[in-house]
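There are structures below to look over.
Two complexes come next, and they have one chain in common, subunit A, joined by subunit B in the first and subunit C in the second.
Coming up: the complex of A and B.
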């Protein structure tokens, strides 16, 4: 099997990998929904949720380090929530004089900021575990099982299949450009022409990528026709969920429900 | 790693559940309609064409060029997809791209996926279509219309989508509007230039190599007028809402809190409108909005007049 550097799937022999993809998909979505519904400042609930997702990381054999590395990708976005510390009215925490202005941080603002950052971090970890422990074709089956239109799922599948082909194509285009335009390592020395010229060259690359994709899709369509494609997307029926699967699903959803009730009872 | 997340994809945790769910509902409706539309237009060809082009947009987003000081411009692709494929197919292609980015690369959250598809796939496409078609009409099918329209569509689609992101964050109480709107808008006014230049380059290439493809998206599809109007409305609405929100961040915050379904359950309904003034509107904000609308109309009127005059002259 050809493993592409972009494919986040990490083959391991773990109970999380072996779990039915439908269960993983639904439980991950339910987890993210629970995290989203948890009110700001309900720290104990956040800790419990963190414990859940970290145990999934450990159970999956992916290692906490690997998941954290990928989960921190969304970190820069936290900047967007930073100002809320100073703009939300509430009990003053500390003041920062900047020039003629004074920024006053409030306890409520800080609470909301930390909650947003935590929510983002928790959801990210769950999504990373799902992507790293589930092969994409299984994920497609899970999407079908939760009622996403078959046509859309088929397009997702086809995109996935040709993604790596076209990414390789894009990398070849970039390698060709690098080979043909001088590239100075010295700071301050520009390579190529003006910014507009460089943008135009990149545009030409994007255009040729599109044309190749158009032509490729023609060939794929003809090949599909030759194999009897008639516009209907067919797939094997999904195997029924076993009793243990139903039990796990019910247990997971109940746990999330209880956590939410707990959160609203004390911090709502 | 070549794959770098764009600042346009909202991760999970940044949107309130209410905002995320409402945007999911809108997105499902529009994508469902687009799916039927495309099925009618393309028939059985749609699966291979849409799938491969989604992969091409994804790969195209990796192409970048250095601007200055370590920053680089790169492509998002809403405008070019709209121009080459027409609006409905572009909605499907971008839905697929944004969906795979969220599922596989955690670029954008799963609960926030509805919002991300809405911003890039629906707002981006509608605005691109509206701008491109308008300029195309004005130019009377001349080549400059392709380039000017392509650049304007790419630039505006990025900026308007960024404003939408900022407003959604503000409505969720995550980021105050008076900071989020100018920051997101300002950054993407610059990013949009890169998008516009690459789009023009790509259109020039397609124009030289396969001119026939440019006319696929041009043949006005059924419902094209609705998309055109939708793009106009979205662009105007965000031009109105953004200054309003940034002049009165507390107003939006206040609306967000009232709209939050937990609060609504506890608050009596009559609190929605305080007795003396409608929230969030004062003379200053009103003036900004009116100026925005009038400005848009004037620019539009001038462009229309100019095109009319040019066509008269050539006829």
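Coming up: the complex of A and C.
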């Protein structure tokens, strides 16, 4: 059994895909930082940022629809910002009487909420483009290149490598259960057992999955030892960035900087 | 001249007290290709783990002239390439290249040499085109070949394989047998696949309950129906 759908990478032949992963990683982080630093209510800046990320979507050949569908994942987190409409003091917009309480929405609160929603939507899109246009191993290299501790990067790598193996293992367990979950032949007898019994079976499966993962980690460690692992994480040095890459990096960072200055000058 | 593998009076018990090896002695000369057979739980895998010091029991283990002890572990692990049964345990890196480069990197080789080792190891298992692939998406047979490449890149003197043909379809199995036949190094192969043993490995060591119960030319031992049956093996 095999799982492919977990891997967000979408192979395409696009300039975004071909771009050095280190550049993509740094620019995406810088974009998300810019988005989160932009003050609430700086609508023109949000529109400019949206234009940027949508251009990346179109350039990458992923299509706006694909990215939007994935970006919806951020929606539940936006709901967490909903109370801000009522908790921020300002010009009252409307009031909601709930029992003995009255909730008053303010214009400032609404503005803040819409800004938070926009920010998470924009950041999510950037992250989706990065993940869909960069192979994960390259992303790991990029993380290492920008100085994220090697041990942490190695852990990301192992997690990503074995996530698939674990999911496969869980699917096999569930398939084995399904294969033996038959209907009784006696008429009128309910099959499936009691809820408590089924919960126990599921608990046992979770436990056995944990044990298998635990034992596997042991075997992996032994396999690493056998090839000389000594606790230090090592990797080959990466090729230096080319001049065009440096130029793109500088241009991107300057643009983000200018956008921020613009935003703070008028709305800060 | 030293032996590739020299084991003298090796005994080992797991922490729960279960004895896995009892007074095992074995010598393997350079270039020899030896099969290690016996029922499940006979101690084959335990013995293999002693060959590069992952487990250490009582007795003496010497590999390529180096006693297996703490100060030699680095050199011992470079000299003995261990290929584990489940390639998913052995291939732990994000890409095939990273996995094959792991051993040479830990030997502290310069980048150009690491690249050369990876290229030649992948060429030896005929998987050159797979360097940038992600291990998870490969078939079992492909993973097995890559797993062998991950130790070939360390250029070991001795290759130790645990159940190399387990779980392979006939074509992948055949390919693997040809691959092993063409590798020149000393080889110790633990297996239940007696047909492969007969074809590939002229010497056979039978283990049962932690002991070596027979050691001799494969062709002769294979004829001894009583011996095979006593240790849970079937005559071919």
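Convention: the second predicted complex is superposed on the first by the 222 of 268 C-alpha atoms of A that agree within 3 Å, B and C clash if a C-alpha of one lies under 4 Å from a C-alpha of the other, contacts with A are read in each partner's own complex, and residues count from 1 in each chain.
Here, a residue touches a chain if its C-beta (ideal position, glycine included) is under 8 Å from a C-beta of that chain, and two chains touch if they have at least 3 such contacts.
These numbers come from a predicted model, not from an experiment.
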item: Subunit B versus subunit C as contact partner of A:136, first or second or both or neither; value: both
item: Touching partner for A:235 - first (subunit B), second (subunit C), both, neither; value: second
item: Which superposed partner A:167 touches (first subunit B, second subunit C, both, neither); value: first
item: First, second, both or neither for A:220, with subunit B first and subunit C second; value: both
item: Subunit B versus subunit C as contact partner of A:250, first or second or both or neither; value: neither
item: First, second, both or neither for A:77, with subunit B first and subunit C second; value: first
item: Touch count on subunit A, higher of subunit B and subunit C; value: B
item: Touching partner for A:8 - first (subunit B), second (subunit C), both, neither; value: first
item: Contacts of A:200 with subunit B and subunit C, given as first, second, both or neither; value: first
item: Overlap of subunit C and subunit B interfaces on subunit A (superposed complexes); value: 136, 157-158, 160-162, 165, 216, 220, 224, 229-230
item: Residue numbers on subunit A that touch subunit B, as the complex places them; value: 6, 8, 28-29, 32-33, 35-37, 39, 70-71, 73-74, 76-77, 80-81, 83-84, 87, 112, 116-124, 127-128, 130-131, 136, 139, 149, 151-152, 154-163, 165-167, 169-171, 173-174, 191, 195-196, 198-214, 216-217, 220-221, 224, 229-231, 233, 268
item: Subunit A contact footprint on subunit B (complex, rising order); value: 2-3, 5, 7, 10-17, 20, 31-32, 35, 39, 43-56, 58-60, 62-68, 73-75, 80, 84, 92, 95-97, 99-100, 102-107, 109-111, 169, 173-176, 178-180, 183-184, 194, 197-206, 209-210, 213, 249, 262
item: Residues on subunit A engaged by subunit C in the complex (per definition of touch); value: 2, 4, 7, 135-137, 140, 157-158, 160-162, 164-165, 216, 219-220, 222-230, 234-237
item: Contact footprint of subunit A on subunit C as seen in their complex; value: 49, 52, 54, 74, 77-78, 82, 84, 86, 88-95, 98, 101-103, 105-107, 111, 114-115, 134-137, 150-151, 154
